[in-house]
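Before I ask anything, let me first share the structure, which is written out below as structure tokens.
Labels run A, B, C and D following the written order; every chain starts at residue 1.
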Amino acid sequence: MSESRPDQEPRGEPWQWQEKTWREIVDRTRAGPSLLPSIWPNGARCAVALAIEADHEAGALRDDDDGPTRLSQGQYGARRGLPRMRALLERDNIRATFFYPAVAALLHQDEVRSLAADGHELAVHSWIHERNTQLPYEAERDLTHRAMETLDHLGGRPPVGLRAASWDFSVNTLIIMQELGLLYDSSLMADDDPYELLSDEEPSGIVELPPEWIRDDAVYFNMQRFTALRPVSAPSVVEEIFRAEFDGAWAENGLFLLTLHPHVIGHRSRIGILDRLLRHIKAKGQVWFATHAEIAAWCREHGGQAGSSLK
Amino acid sequence: MSESRPDQEPRGEPWQWQEKTWREIVDRTRAGPSLLPSIWPNGARCAVALAIEADHEAGALRDDDDGPTRLSQGQYGARRGLPRMRALLERDNIRATFFYPAVAALLHQDEVRSLAADGHELAVHSWIHERNTQLPYEAERDLTHRAMETLDHLGGRPPVGLRAASWDFSVNTLIIMQELGLLYDSSLMADDDPYELLSDEEPSGIVELPPEWIRDDAVYFNMQRFTALRPVSAPSVVEEIFRAEFDGAWAENGLFLLTLHPHVIGHRSRIGILDRLLRHIKAKGQVWFATHAEIAAWCREHGGQAGSSLK
Amino acid sequence: MSESRPDQEPRGEPWQWQEKTWREIVDRTRAGPSLLPSIWPNGARCAVALAIEADHEAGALRDDDDGPTRLSQGQYGARRGLPRMRALLERDNIRATFFYPAVAALLHQDEVRSLAADGHELAVHSWIHERNTQLPYEAERDLTHRAMETLDHLGGRPPVGLRAASWDFSVNTLIIMQELGLLYDSSLMADDDPYELLSDEEPSGIVELPPEWIRDDAVYFNMQRFTALRPVSAPSVVEEIFRAEFDGAWAENGLFLLTLHPHVIGHRSRIGILDRLLRHIKAKGQVWFATHAEIAAWCREHGGQAGSSLK
Amino acid sequence: MSESRPDQEPRGEPWQWQEKTWREIVDRTRAGPSLLPSIWPNGARCAVALAIEADHEAGALRDDDDGPTRLSQGQYGARRGLPRMRALLERDNIRATFFYPAVAALLHQDEVRSLAADGHELAVHSWIHERNTQLPYEAERDLTHRAMETLDHLGGRPPVGLRAASWDFSVNTLIIMQELGLLYDSSLMADDDPYELLSDEEPSGIVELPPEWIRDDAVYFNMQRFTALRPVSAPSVVEEIFRAEFDGAWAENGLFLLTLHPHVIGHRSRIGILDRLLRHIKAKGQVWFATHAEIAAWCREHGGQAGSSLK
């Protein structure tokens, strides 16, 4: 299973492909049976998972951008954003999942150790925010392995989940996750609720906890001076969207998985979005706040119908 | 009529063109007589058509993007988006028109058959979401023909209408539609209300049911990580726009044609737009919900003034 | 004065330029004395000019885009947008200035003649929406001259004003305007209120009636499928901006100059912006609605202080 | 210390870098100890600094854009935008910091002298808005030095602070600032509040007063015809964001530093944002309005804890 598969042999224009070609592409990594459980722990109506991507300086480094400006924007995440987020997590007694590029973790080791000591989950988020679809299999596997070791070393226990940087899951990522024995992925978006991933139509044993750009602070607020990305969204609009996504999850007894970046949501004009959203969720009640690892384990045990390989 | 016309001979800079050149370009495919009928069935004030583009994985495949992430976004349409939309259509007893790239239909055959069984219309939407303006005549004709056969085979009756993928109507598309005996197109935007298309100043016999980007969910919500497209629109703003377009159609006794994508509008924070819009339309009353085929047939019979070749 | 000036000799990196270089660039075409008059006709508090850019199919033609889709969007302007706008102008008895690319005028000759017959002003807006900064002097001069002749022929009187297509005023445009004996330009944005243009620090005799992107419908609503332009603005936001610009002009006894495109503002969900804005302006009162030609003539006669060459 | 350091030797793909490489990049210019003082002058709760970037024509010149249109947009800043801003500053008796590209200062010498005479601060903002990261060390140093001399000559006293044009701080900028004896920078964003910059892990003696794109008018309103930048933000949204940033600073006893451009915020529909924001700040009370130089000097004296090299 561990052989590298060449994934870019020339295959002509898509409108000229044979059926075999597009079926193989679609089936390489595809959503399988739902793992939505019939009940959540303690009779909760829905589960809430906070995915905090602590990229800090890694985004700039990935782009080989050594200009101090963008690096300083990342540093803001560690210096001001994360402390503001932690204050809210502590207020509401929530344990979250922190996805770290290994390089960001190595640049902020005390932060990582302190989060682990507080019971938060550490999960894999690449080596240096590299894009998996631009790497050969061997490099992706090596970087993922080293990233796991780094978090294990800093956090005191091996990570069990992974999220591809830029959610750039490659045709090799699923195989690598199986080889490295991970429990869950959180990069793919075929559902709102947990499901099992299929690899070439076979059950993979990997739980998918789906993120979505809709539930990601960065898409609304990112700024790049020399492209057209501008932070033009009103905080009140982002709050409207996040709240509607949560309300839908609550109404459907599903999962609400929200992605946040300390250097994005952590600013003075934005941290209120998280503050008010948490108050709204608490007021609604009957919610299970949990780490990704806890949710994946629960869904693996209690989720889905006949057909899943995980039960 | 079936000869391929070379359409990209060099013709210099536009500001250097002779009048003949720009007149031929404009007249190749142009709006002819209005087919707005003086009355709609059952004395309705206006007609409402829902165009549901079930692209699913086809958008990623068209771009030769084999990364599982974007494919999973398309899969969301089939897995979660479409069921939510169907629940609303069933609640309000509406039959809609589903535009399928043939490849998407082949990947989701049960879905297609079930929609046909429920009385919804199936219509042509390319083979694999290819861009017509980048194809030679022969390829576009062949792909369109095969797409028609695919939908005929799956749905049990030959499709009568077409919408170009990405609304990318080529200089050959109208001729191909005539050759293949289609009733209507829904790609061009010269009017709010139905009209007849002219081909080189001659009546084509093809009814145009005009879409508009304004009445398309995707333009407000699409996300692409490595371009500047971001889903920054507030759902409430999109609702404001769609409602104003409907109110205008209702006030003018015209057509309200709305384009929706299951993987776009079907999310928890967005499905409410459709829910509330349908409630608004129902509350306004005197509306004829119909498929594109029904509206095209009605307009062909009852629409327009003297001058149309269709009466 | 009529010699072509080479305008793209290599001149190195801007940070290496001598003072002479950047001063010449800045002084080539620069704002001179204000021509804001101390009074407007009939004791009005402010002047309001509507600049309607009837580009229709010309935008697509300029880009050599022969795809029927974008052409149909332009055609919408003539078919639906302009009639809706004219109904409002007639309701409020307003004469506006219609800027026509000559090719658009030739494609819609009845429309042009009818507007002229109703007393609206016709003004130059390029030959085929070409970008002036990409043309040699001779070509720009020739196209401008032919555009003037075309509007003269269709409208029955020679145009006296010009607006560069895409507001892409070249280093030669001002000289060409002087050579062709025009009264005013409406492309440059150094002020809210009318001023005289200087050519190489000398008075040019040309009145500038400044437009602004802020007061242009297209910047808020344009859509291009294969770039990142999307019509994401709420109509209510555009109304907020236009109203604030007018209120500022009214408070300062200045000019409110609004640019509108029939194929943009003329849609069912947008025409209400113009409707409500006109009602707001009427309610505020003491406003002089006039054509650009009338305002330019008034400002030339009554505007500014000592120092203008125009008095 | 003054040797040029080559900063672009090839170093391979980031995911292949050794730890030494990414650590050196991060440490080249990094945030050091906080300089937030325990008290502000006169017992104020927070400090407010207005950074007015008077770029005028310099943005167009930097891009070698000699088209009169964009130059006229810059000229608007001097002609209409700045006078409106000064009226508000005078009303509220506020002294601000004006960042001038030297070329803009030379093009508007009376304006610069008048601002200095009114007690406003003049600070360095490049020679011609050049991008530092694209320049060799020698060029950046020479341009910075000449920019300082220009402002000294026009304003009657040597500038003590600098902001990189486009906030494009290079790997050499900090060293150049030390060599030229400046007191503060205002380009980097690792904090909301003042801090000391470290150079290769050593205290630099330079105070950082951090700006942020969030608190910059241009990111919300810029327009470029041939890119996708459009001024789609509602003024009310920008006001919401600026107000939330101020409220956060006030709640935390911190610094509120707002960046404004006369040619952006100075328009009739936008100047109200500044008007209402200043009223809000005044109503909140206990605020120290000061120039950047005053704040940097205060923080150097009273800011931070043990560990800063500045005390």
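Simple rule for what comes next: contacts are C-beta pairs under 8 Å (C-beta built on N, C-alpha and C of every residue); 3 or more make two chains touch, one makes a residue touch a chain.
Here the structure is a predicted model, which means the values were calculated and not measured.
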| item | value |
| --- | --- |
| Touching chain B and also chain C, the following chains | none |
| Equivalent-chain rotation between chain D and chain C, CA atoms, steps of 5 degrees | 90 |
| Classification of the chain A:chain B interface as same or different, half of numbers criterion | different |
| Chain located farthest away, centre of chain B as origin (C-alpha) | D |
| Approximate Å spacing (C-alpha centroids) for the pair chain A, chain B | 35 |
| Centroid distance [mean C-alpha coordinates] between chain C and chain A, Å | 49 |
| Where chain A touches two or more other chains at once, by residue number | 228, 232, 234 |
| Residues on chain C engaged by chain B in the complex (per definition of touch) | 57, 61-64, 66-69, 71-73, 75-76, 79-80, 103, 106-107, 127-128, 130, 135, 139, 143, 223, 225, 228, 230-232, 234-236, 267-272 |
| Complex contacts: residues of chain A adjacent to chain B | 7, 11, 13-15, 17, 19, 22-23, 25-26, 28-31, 133, 164, 166-171, 173-174, 187-192, 210, 212-214, 219-220, 222, 227-229, 232-234, 237, 240-242, 244-245, 247-249, 252 |
